[in-house]
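Got a structure for you, written out below as structure tokens; questions coming shortly.
Note that the chains are named A, B, C and D in the order they appear, and that numbering of residues resets to 1 at the start of each chain.
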Amino acid sequence: MTSADEAPATGVWLVGARGSVAVTAIVGAAALRAGLAEPVGCVTAGPRFAAARLPDYADLVFGGHDISDVSILKQAAELADDGVIPAALPGAVADDLRAADAAIRPATPRAGDPRSARQRISGLIADLEEFRAARRLRRVVVINVASTEPPIPGHPDHPDHWRLADLEAALDRDDADLPASSEYAYAALRAGCPYVDFTPSTGARLPALDELARSVGVPYAGSDAKTGETLLVSALAPMLTSRALRVRSWSGTNLLGGGDGATLADTGAAASKTASKRRGLDRLLGAPVEGRTHIDNVPAQGGWKTAWDHIGFEGFLGVRMTMQFTWQGCDSALAAPLVLDLARLLARAHECGAAGAFTPASFFFKDPVPATEHDEPDYRLANQYEALLSWAPSVAVEPEPEAGS
Amino acid sequence: MTSADEAPATGVWLVGARGSVAVTAIVGAAALRAGLAEPVGCVTAGPRFAAARLPDYADLVFGGHDISDVSILKQAAELADDGVIPAALPGAVADDLRAADAAIRPATPRAGDPRSARQRISGLIADLEEFRAARRLRRVVVINVASTEPPIPGHPDHPDHWRLADLEAALDRDDADLPASSEYAYAALRAGCPYVDFTPSTGARLPALDELARSVGVPYAGSDAKTGETLLVSALAPMLTSRALRVRSWSGTNLLGGGDGATLADTGAAASKTASKRRGLDRLLGAPVEGRTHIDNVPAQGGWKTAWDHIGFEGFLGVRMTMQFTWQGCDSALAAPLVLDLARLLARAHECGAAGAFTPASFFFKDPVPATEHDEPDYRLANQYEALLSWAPSVAVEPEPEAGS
Amino acid sequence: MTSADEAPATGVWLVGARGSVAVTAIVGAAALRAGLAEPVGCVTAGPRFAAARLPDYADLVFGGHDISDVSILKQAAELADDGVIPAALPGAVADDLRAADAAIRPATPRAGDPRSARQRISGLIADLEEFRAARRLRRVVVINVASTEPPIPGHPDHPDHWRLADLEAALDRDDADLPASSEYAYAALRAGCPYVDFTPSTGARLPALDELARSVGVPYAGSDAKTGETLLVSALAPMLTSRALRVRSWSGTNLLGGGDGATLADTGAAASKTASKRRGLDRLLGAPVEGRTHIDNVPAQGGWKTAWDHIGFEGFLGVRMTMQFTWQGCDSALAAPLVLDLARLLARAHECGAAGAFTPASFFFKDPVPATEHDEPDYRLANQYEALLSWAPSVAVEPEPEAGS
Amino acid sequence: MTSADEAPATGVWLVGARGSVAVTAIVGAAALRAGLAEPVGCVTAGPRFAAARLPDYADLVFGGHDISDVSILKQAAELADDGVIPAALPGAVADDLRAADAAIRPATPRAGDPRSARQRISGLIADLEEFRAARRLRRVVVINVASTEPPIPGHPDHPDHWRLADLEAALDRDDADLPASSEYAYAALRAGCPYVDFTPSTGARLPALDELARSVGVPYAGSDAKTGETLLVSALAPMLTSRALRVRSWSGTNLLGGGDGATLADTGAAASKTASKRRGLDRLLGAPVEGRTHIDNVPAQGGWKTAWDHIGFEGFLGVRMTMQFTWQGCDSALAAPLVLDLARLLARAHECGAAGAFTPASFFFKDPVPATEHDEPDYRLANQYEALLSWAPSVAVEPEPEAGS
């Protein structure tokens, strides 16, 4: 813990701040601060990151946007009812939850919003700057944990999304056609805030926004945190390929309840998600294989996600074999500590001068941002982990004082 | 392919040469030579090993010991009936199978053998030297694929097994108490042959034998090839620990048919095997966890092995989650290409001067030989694979001619 | 076995006679006749049916229609390659396979067939009568094992499909709009042949055809034989309901290779199949539950079908629990003996005067024919089995000689 | 609900009244009485039993013995923490829990108890009679839900356990060698109380005790309630046999936490349990098959039980197939409603004059009591359910007034 003079707190601005993942992250950070929980599931809590000077969990301050006006305290009580967080925890950290709730600004659904994109973006930037000033934050990391957007038709071929100058001109004409997540990314970067795409929504994944991030010296990371099936895929596919076993088919069924189930089941949003899933699989295996990936909405699952994968593969002399796994995880409990990890990592990376795609965070994502558009990201979990571990020592020295600080 | 003058063939001497793994390896090497199969399941067939100057599959020549006198051709026909190898294959490579069969020497079961250990060892060395000379082999790699021995009571505390001088003296007195696999290892090393423990039997895993290997300049590798449950464990446990998830229990049930099932089910041999399995698991997780590992003999499984593992773990804020997998593999088809890989790797390592524990082969084993007795081997599959890949370029240059060749 | 004079053979006319199920049935009947196989998987081979005077397996004579001209012998060889039937069997019963092949008549795909429905039906009747006469068969059972038809739009509300008189008039006008399977059912019944819908195609499941069956005194049975997921559902759902456990969700994923996979995956035909599956489930549970059923085409599965079902249920005091199963079956091996069973049962039922829906056969089907349109069939497997067992003694007496025989 | 004059309440005397199953049953009955829960998992709550005049859930009054002195209220709070019962429930029915707790008498562990068997039995009878009198109960059903006893060496061949007269004489000499559960059964029967063996302990399963039950006109039921793996086995094995599929192997692994796990794992008690499990399986399949059943203690499972079963079977023409299931159930939640069901059923059976083995209750048990020692019980779940349903109408009439009531 540090005094406010030496190292002011780090802000975490959550897009979708009253959703399950965000609320679990806020409750969890408060529980860590209060010594009521251990950092289980927190990747950067381990000794390999001890010298990396990441901001303390106790120094994270939360705010965000949400279209819902159900309070964080109430959402936390529902999560406790569903068994996602311990029953007594929301009450024990109620003050912190109220403080976070007070820092949430209403989000306006795009449909029916009469404002221009420029106006919307200015509003977002103003909210971020007000949060930073009011809480005296050294820096704010923006993390998108809102519902997944459906894929944008025509994207990624929009001619104005390739170069920053074209995007700015299109914004001036108010025909930039940016999805909401990309307006957020633009606003965050312009406000000097690192930006993380925790979902498969477009967010910062446009060449023009990458150019912006580099030009303003701000890192971004994404996309689509892996917390279940894809986490396993990224561990098991390299196992099979390193053994030279020939994968013939990979079939997956995901049963989701909660908000995610409703959003993702058989809609455009699911198409975003399954495309992101299969893309990684194909890359890991070197070629597309037979099989499909399903995402089903099963409200009875509550906050729990069940994934069943069946892998058909061929061994020596053509013998056919199979592997199956069933993963039964609590989505918010898996995702929330990663939100905290990413906030810490991006804050530190920013402090150390990282700009543009922050590739050491690939470990967290289904569809990791490549270093440049010409690079191919590594999808293998263990290799991603080694890359993250290798980054830690590089920031273990005292950073140069930042301009103006 | 090379002429005999330039690069004589490499011998592979299989202890247990008429067992399923050995016969599948012999049939498979013949199929590769004949262009009847692709090297699926062969780790070293890939491009990363292309420059490593490993001996060609076509240049492997097989011999070995077995107590069974059922011919390889007949064993191959049975494997074909069980679906382990294609029905037409034994006939198509019958000449090669007959040649290998002709090079098999009868093994004498220890019980009832009136000879001293020194006499037995001399016999083994003579067999190896005769094989090398008769086939004009540049070098011979000895691989133990015989049935797993029960653990040795008292081992590893036998006072004469720690230093080579003590072992030699004990052999002179004929009270060295070496298990059969260790007599094999001793004989192989004395004959200048790299030795591989494909099973959990003691083999070369005695300090005195490590000393021998170093003193005679011969590499050895082991122990206990991982072809199913442990392969998965070594990929999945690092996934969980890298995500800081707290594993509470790991339970495993293995259903084995074939000879393995009968040998391993509920006997001392199974104790060797499950101890080897749990040891790796504990190391991977950093501490022992709840749960047991069962090995059941289920003859109806034939040559197929089914492993079911159930992992209970805890995530953020104490939420309990589970993962299960079922692996349905053909043991011989998984093991046989690794036998070929290890023969190629150890031959090349020997050629390049490696001596003692050959740690780049850890990737293949449940209980990998550490570099020295003070080292802790790495049990993480992906890291083991990287270590193997890193070794390949180190042998990619033309080796110096060996003395006497 | 009986002499031709006393008890002439029973014909089995297979629609889709060169498909996997048909060929496996023909090979299997030949193997039983030759004493090369035991009747494993044959429901009516047991002692409970010993007195029921079903025709002998040895007395079944096969013919049928198919659009394919690949011979049964060649199809059988492919099944042997895929491991569905023993490698040596097709050769051992080659004469029987050739005899069956000779009795197959080419089927004409509906598209491009210039004939009227009446003309097509006359052709089918002529083929059946020729088969019966040529082989001197006492009776012929027609079994539809052809590819599943997509659902008929507008069906079952076609005004001319409700009453036989209307159907006949519509046939006279050539606008009866019967699917191919229903033309077959009509032809079979008019030819005095019991008819079995082994698939979910419409077949005899039209009120007008039920009327026809009753008027001509011929039994029919169906629909959609259960050989995997639904077989399990019909055993497990009653288990849960008899224990008063509250099923909240039932999710199923079916991975199919072979022809079935291609036909059923994500097309209208799959819609027929999944509708048939969910209908039974809803009836068994008393109400629809959450969850979906997927059928995926995974060619790498070959003739094997993998079904994974996940059931979420609630117990006492609202506790949530789950059950999963994985079924890995060979579709043809499961279906073929049921084809033989149904041939024997329907032949005997016909002999004993049964007409219309033959409900004791419900045990075999996903979507069993109700006794009358006002009845609800029993979907519980054990109750269906008891119903079948109860029928057996009712036909255990010597039947009266049939008119004209 | 009825007035005390017309139909006094029914007592349920639980041996092991402070264990998880007992406490869940007591909490659940209170919740049903208070309208706070629905009778999910209660077999006899359905319409098929509406006319059977079973005692109301609201009329069950609880007492019992336990060696633990941790109060029911405290045990209920722990069950709530483990998620077995809703968090708010113990508080909501606290008065009922306190009332039950007040009726619990301390049990004395056998070891160190200086009393003779006769003295112990007299004490048990006195407790039962006091409970009946104090609560003005019409009748009391004794249900053994205590920890499973290890198998009795020498049993069932003890010469004095076959005839009642011999048993009485042995009790007079104090060398009857009855296990504690059988002393309980003896005491219950002598006190005119129906007795239920909810565990695999010997209890009433001795010929001499059967003779006693018949002579005093009291019914008993057992043994070993099926709530997980065996429930599934009893549904799935008949599915396979009715389809004439040949089961080759059946392997099962049970992971248990809680007290059960500790009691059952790898001790004599587990031997009781697995013997009971395999016996039923063998009977269901008609012959023993390959495979083993494991019970592992995995404390991390808490009150949850995970069973994985793997079944290898053969279909038509020798094709090998497999089925697996995973059952993840909360043991107490599955067992508790059955305790209530059995109390209601045995009370009503007693009221209607049933004496000796009460076979309609076979539906509940792994190892059901046969009608007589010469009978073979039916192990098939669906048939057991039909037998239970058939019994219900037989008690749907007003019974004759009992002597003395």
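By our rule, contacts are C-beta pairs under 8 Å (C-beta built on N, C-alpha and C of every residue); 3 or more make two chains touch, one makes a residue touch a chain.
Small disclaimer: the values here were computed from a predicted structure and weren't measured.
Novice: Spell out the chains that contact subunit A while also contacting subunit B.
Specialist: C, D
Novice: Chains shared as neighbours by subunit A and subunit C?
Specialist: Chains in contact with subunit A as well as subunit C: B, D.
Novice: Indicate the whole-number Å distance between the mean C-alpha point of subunit C and the mean C-alpha point of subunit D.
Specialist: Centre separation, subunit C to subunit D: 43 Å.
Novice: Could you state the distance in Å from the CA-based centre of subunit B to that of subunit C?
Specialist: That gives a centre separation of 51 Å.
Novice: Find every residue in subunit B that makes contact with two or more other chains and list them.
Specialist: 83, 322, 324, 326, 328
Novice: Taking the complex as given, what residues does subunit C use to touch subunit B?
Specialist: 83, 87, 326
Novice: Which stretch or stretches of subunit C touch subunit D in the complex?
Specialist: Residues in contact with subunit D: 24, 27-28, 31, 37, 39-43, 45-46, 83-86, 89, 231-232, 235-236, 238-239, 242-246, 314-319, 321-330, 333-334, 336-337, 363, 380-383, 385-386.
Novice: Which stretch or stretches of subunit A touch subunit C in the complex?
Specialist: Counting only subunit A, the residues touching subunit C are 248-249, 251, 253, 255, 290-292, 294, 296-302, 306, 308, 310, 312, 320, 322, 324, 326, 328.
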